[in-house]
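Which chain is which? They are A, B and C, in the order written, and residues in each are numbered from 1.
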Amino acid sequence: VSAGLLTVDLVGVAVFASSGALLAVRRGLDILGGVVLGGATALGGGILRDVILGEVPPAALRQVAYVLTAAAAASLTYFLHGSVDRLRRPFVLLDAAGLALFCVSGTFKALDADLSVLSAMLLGALTAVGGGVLRDVLVRDVPLILQPGQFYALAALAGGAVTALLDAVGAVRTAAGIAGAATALALRLGSLIRGWRTLPPPGTADA
Amino acid sequence: VSAGLLTVDLVGVAVFASSGALLAVRRGLDILGGVVLGGATALGGGILRDVILGEVPPAALRQVAYVLTAAAAASLTYFLHGSVDRLRRPFVLLDAAGLALFCVSGTFKALDADLSVLSAMLLGALTAVGGGVLRDVLVRDVPLILQPGQFYALAALAGGAVTALLDAVGAVRTAAGIAGAATALALRLGSLIRGWRTLPPPGTADA
Amino acid sequence: VSAGLLTVDLVGVAVFASSGALLAVRRGLDILGGVVLGGATALGGGILRDVILGEVPPAALRQVAYVLTAAAAASLTYFLHGSVDRLRRPFVLLDAAGLALFCVSGTFKALDADLSVLSAMLLGALTAVGGGVLRDVLVRDVPLILQPGQFYALAALAGGAVTALLDAVGAVRTAAGIAGAATALALRLGSLIRGWRTLPPPGTADA
């Protein structure tokens, strides 16, 4: 694994851990809950990715930097958060950043394991959404990935697709990764800020 | 993997994807939510099975037919569903069909990996129920497998047991599989249509 | 795997299966639900541990004692439980016992797979909490591990740490395991009985 890929992965770990810790504060969990929820969000997707690739024990257990980064980011966020009333927006932005970073690192890891472009895109998307789904299920929210009009899975899939396709046509990794992350971020933030929507379900359009 | 086993697996993928898409419509999810929920239902059990068997990357990532079948079945079901009020019955029937097919394909995959009859039955049942549990947890339903009087786990275990035992005594695979799927389907539909029930919990019988 | 480690693992399976079955009774599930919930609680953490270590198929499928122990303990508990009104306390005590036993067996399994002390502690804790998280998610409870003031994750991590550190400094396994389990149990029961608490979330202390 290159130093660049490790860096992307660890920044993703940090922002996802922060998103989990912010959600823990909003739900009134204590510091242990903050670290657990932050850690599950930060490490869940990568562990799933590594287990599916057969790269076990997963990087999260082989390299101490993962656990330390997750624990530090979750603890710091928990103690330094601002007003509880204003945590929704930073939560969603941190989550979007993690989504963009992890779909890139997951796609590259899958390509390094000789998966096809399509499979790499899918595993990248799974890496990106896995931790957030675990986080949302643990606090009994409807996972962001299922909420209408969030472009959540779409952003992860598109980010993975751009990354894998640019890599396949010979682009340097840094460029492919930046383009992939930018695609994911643009779609996710577009749905949040500009209100981009899919079509309403057929038969319920008038409801 | 034989062509017959792949076919059974893919038909199971299609019906489970449809069940997830129907549930997505009933819950007011958009088309992306329909594909995500359908895909999770269709591929979750098989990925769990392959990871537990150590056959990684899982078939769902190695063979493009899995993802395409799941996405096509979920999208088509989402767009072509009938009245939202009448989706409960088709949902349950599709789910029962997936349960029957996956407990057979999971059991055979486990036998091919040299697991014992008992372990093959259990892994077959886990394959059959895994996707549906993921689907139900994602939309915050009580999983069908836990709901009283559904014969859900029983059908999966019995289907796996019949398949594995017939295989162990030398039956041809087609016959063993048909008998196993028929057993699972009969128990599941029996509980749905005929109202077959287990005993009430002791101490709460009068409640 | 030594006979001692297998014994610890199987006693953990039995008490966790009982905890799941008691919860099933409290929620009005039928006997099938009791066995499914008990089995998921008892075997979920160990299967997760073995998959993460790459020891597949997991012990729960390779050694028939696991499934038989889980099924027997869950069924017996389901049928022999006392008054439904008084199941909260035995549920929590059985769960605490399972937590203490599994963080020890999980830590030793990880050390046997040559993981570092830190990773072994983490995997031990994951083994200990995995089945309970699955149980709580399946019945849609807030997982015990996230509930404020339960010392749940802390007990699992501390138990794993004591076990791994004593092993690292050359203690015999029996002593390290007993000390680890006692640490986990003391922290967990201390929070339950003595009301030990973490600090309240900053900014919400007055709420």
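By our rule, a residue touches a chain if its C-beta (ideal position, glycine included) is under 8 Å from a C-beta of that chain, and two chains touch if they have at least 3 such contacts.
Just so it is clear, the structure is predicted and the values come from calculations on it, not from any experiment.
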Contact graph of the chains (line, ring, star, complete, other): complete
Fitted rotation between chain B and its twin chain C in degrees, CA, nearest 5: 120
Between chain A and chain B, centroid-to-centroid distance (C-alpha), Å: 28
Touching two or more other chains - residue numbers and ranges from chain A: 51, 54, 137, 140
Interfacial residue positions of chain B with respect to chain A in the complex: 24-25, 28-37, 47, 51, 54, 56-58, 61-62, 64, 67, 78-79, 81-84, 137-140
Touching residues on chain C, where the partner in the complex is chain A: 51-54, 113, 115-116, 118-119, 122-123, 133, 137, 140, 142-143, 145-149, 151-154, 197-204
